[in-house]
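Next come two complexes, and both contain subunit A; in the first it sits with subunit B, in the second with subunit C.
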Partner chain A sequence: MTAFPFGPAIAAAIFIAFCAITGAGAVIAALSKRIIRGVCGLALCCIGLAGLFYFLNSPFLALMEILIYVGAVCVTIVFGIMLAEPEEVLEGESRRDALVWGSCAMLVGAAFFLALSRIGLSHPWIEPASRADGSVAAIGVALLTTYSMAFEVISLVLLVAILGALVIARTGRGRA
Partner chain B sequence: MNPDAARILYERPDAYLVVAAFLFACGIYGLLRRRTLIGMLIAGELIFAAASLNFMALNRFFSPDPVAGQVFVLFIMGLAAAEIAIALSIVIAIYRNYRSIRSREISELGG
Partner chain C sequence: MSFLEIEPFRIALYVVGALAFVGANAAYLVWVERKAAGRFQRRAGPTEVGPAGLLQPVADAIKLMSKQIIVPPGSDALLFRIAPVMVMAPALMCFATIPFSDSIVARNIDVGLLMIFAFGSINVMAVMLGGWASRNKYAIISAARVVSQNVAYEIPMLLTVITMLMVAGTLNLHEIVKQQEAGFWAWNIFRLGTNPLMPVTFVIFFTCMLAETNRAPFDMAEAESELVAGAYTEYSGMGFGVFFMGEYANIVIGCAVATVLFLGGWGSPVGFLPGVWWFLAKMYFLIFTVIWIRWTFPRTQFYGLLNLSWKILIPFSLATLVLTSIVMKIPRMF
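Right, the complex of A and B next:
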């Protein structure tokens, strides 16, 4: 395959590093007390996810992931945090309640994790005999031919979402 | 048993599926446990990320047409961006009315 010495080993190490970044980001996003650290965790998770997309033969989606999630979604959430000051104070919940409900939520999460991994690992997936081209050029052609209707509808949805966001955020303004 | 057990780690779908399941579990935990609307929004984004990764893994290894999954994940990203824009504007409107976005205190509806 490759003439570079230890090429697969280095690639596997980079892959494990990206998996660890994704997992660590998700844990920070779910567990951190301060909400701004949660956003940083989400950004970290998305960077790791972009790396995993690169390993899945899709550099286009890796770039889009960084562009849309880290560049747009996380920055927008940071603006929302600065405007709405969501301090997570643990008032009205005793230490025991926090422990009980925290472990309940942890249990539900663990059950989902085990069930999904079990389904994914034990299902007899069938590999296709032949595979079409999955390059960026093929994505561009597909977006403008097979999926052109969905593409247009998505752009309409985005337009309506922007207008709706402006309208909703504006209406309460007189009272402030 | 598994024919691709001899393959290197990043060319097996198992690793990607497990990471996606972990992201989904983190998202569910955050959704149950967070007390502010923005925290729940972040957990929802984690679930979106898990779904995208699952789509991409199955698309890369088991789909005869690798374009379909990539286009679909692109659409997921677009819809997630639209959802974030709407949800944050709702959060800011709620904050204007209640001076708080803690989910415990937002308990009345009115027209």
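Right, the complex of A and C next:
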């Protein structure tokens, strides 16, 4: 096997493509008026993210991203949409509400962005170690030692999702 | 150095090869399906076009390609067009890691098995979007059925796969086949020493594969007599054609994975012929079984389908999982 001609350039192009897919998916998910297209944007975003994980030397994580987020979460959301059969274009929220909630979301987003970019800029980048090991034992050890923190934080996300579902289901949706 | 060792040529060859393999399989499995259906029903099947109807798929392909693709008014035109692509593209991705023989594999990926299941899971989403975007009640009913069916059968399927992973200890398909190379007694389906229920595990996997690819007797998604053509009702021409190519590609992938996991991949039981022929023979035998089942059993009712999954397959797959872990762990404790 010989080296691939223009290998680094092709890899860079694919990396940029994955970044663009992630960004475009997120924008579609946030801006589209039809909720079903929003879910498709989410799926696209997840596929882009999976590509970025692959570039971080984590093919296992990349494939889990597709399996769980595209294959399970997005499918469940689409199923929920089908059962609920929402009207195609909902009448918008009142302008004042939209402004309040929109600016809140913008503030949180900006805070996260600032914090993350500060961390990113003030510390040296670490070349991610190659973890391309298919053995089940290695993945198990990694999940329960190196990444136990991430593993636990993910379960927190699920907890928040369940609480959110309970809150919405109990009180009904006041607004909208 | 042969030109096959030059990486870009090798990749191009595998891409063209996978495309050709998927296309030829889709075309000629339809022919096999029609011939087999004919024989099971004591008819001849296609006979007119070419010898034994062998040119029928070519004629069908020309017909499908020359038909107009009608996007129904009121449908979501963009998603309607994307859905067939979303069935086909992930199916093609899976071919990258299937080891057809010791040397014929496009890319030997360490987490190959996971890759096949990850890309396989996109299929549900695609059928569902196609059904939803059609704005047709039959299509939407079918899409809802696809989800409940696939969610129900994904669980026992992944449980049997976990059982196999505990036996194999790796997600690399090449490695999994290597472990079974000693002879047919080393094939996972016959390794009763690790788990006396291994043949049952295989049957569970195969049943789930039938359900995941929406094949009869689990073809709720299509259900001609109930739902016209299910999620594909509004599709014409190549839109319909690509859905069916995707379906056959998924059957091929499912049977290839079953061959790798349970039947020793390219391993030969007797020793003559290169491994790739054995791989293809085992795979096509499984595919023939899929067709055989389709034309032998009637479609199950929907609650029968869910009952089978939740009351039989899931408990049994859990049992094989527990049994395997006990058999593997207990000897090490002493």
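By our rule, the second predicted complex is superposed on the first by the 91 of 176 C-alpha atoms of A that agree within 3 Å, B and C clash if a C-alpha of one lies under 4 Å from a C-alpha of the other, contacts with A are read in each partner's own complex, and residues count from 1 in each chain.
One rule holds for everything that comes next: a residue touches a chain if its C-beta (ideal position, glycine included) is under 8 Å from a C-beta of that chain, and two chains touch if they have at least 3 such contacts.
This is a predicted model, so every value here is computed, not measured.
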A:Ile66 contacts which: subunit B (first), subunit C (second), both, neither? second
Partner chain in contact with A:Arg37 - subunit B first, subunit C second, else both or neither: second
For A:Phe4 in the superposed arrangement: first (subunit B), second (subunit C), both or neither? second
By residue count, which of the two partners contacts subunit A more extensively, subunit B or subunit C? B
Answer with first, second, both or neither: which of subunit B and subunit C does A:Ile77 touch in the superposed model? first
Examine A:Val108 and indicate which partner it touches, taking first as subunit B and second as subunit C; both and neither are also allowed. first
In the superposed arrangement, which partner chain does A:Ala137 touch: subunit B (first), subunit C (second), both, or neither? second
Subunit C-contacting residues of subunit A that also contact subunit B: 60, 64, 72, 79, 81, 83, 132-134, 139
Which residues of subunit B touch subunit A in the complex? 8-10, 13-30, 32-39, 41-43, 45-46, 49, 52-54, 56-68, 70-71, 73-75, 77-86, 88-93, 95-97, 101-102, 104
Given the complex with subunit B, which residues does subunit A contribute to the contact? 8, 11-12, 15-16, 19, 22-23, 26-27, 29-31, 35, 38-39, 41-42, 45-46, 49, 52-53, 55-58, 60-61, 64-65, 68-69, 72-73, 76-77, 79-81, 83-84, 86, 88, 92, 101-102, 104-106, 108-110, 112-113, 116-117, 120-121, 125-134, 138-139, 142-143, 147, 150, 154, 157-158, 161-162, 164-166, 168-169, 171-173, 175-176
Going by the contact rule set out above, which residues of subunit A touch subunit C in the complex? 1-5, 34, 36-37, 40, 43, 59-60, 63-64, 66-67, 70-72, 74-75, 78-79, 81-83, 132-137, 139
Note: in the complex, subunit C contacts subunit A through residues 1, 5-8, 10, 76, 78-79, 82, 109-112, 114-115, 117-122, 124-125, 128-129, 132-133, 140, 143-144, 147, 150-151, 165-166, 168-172, 175
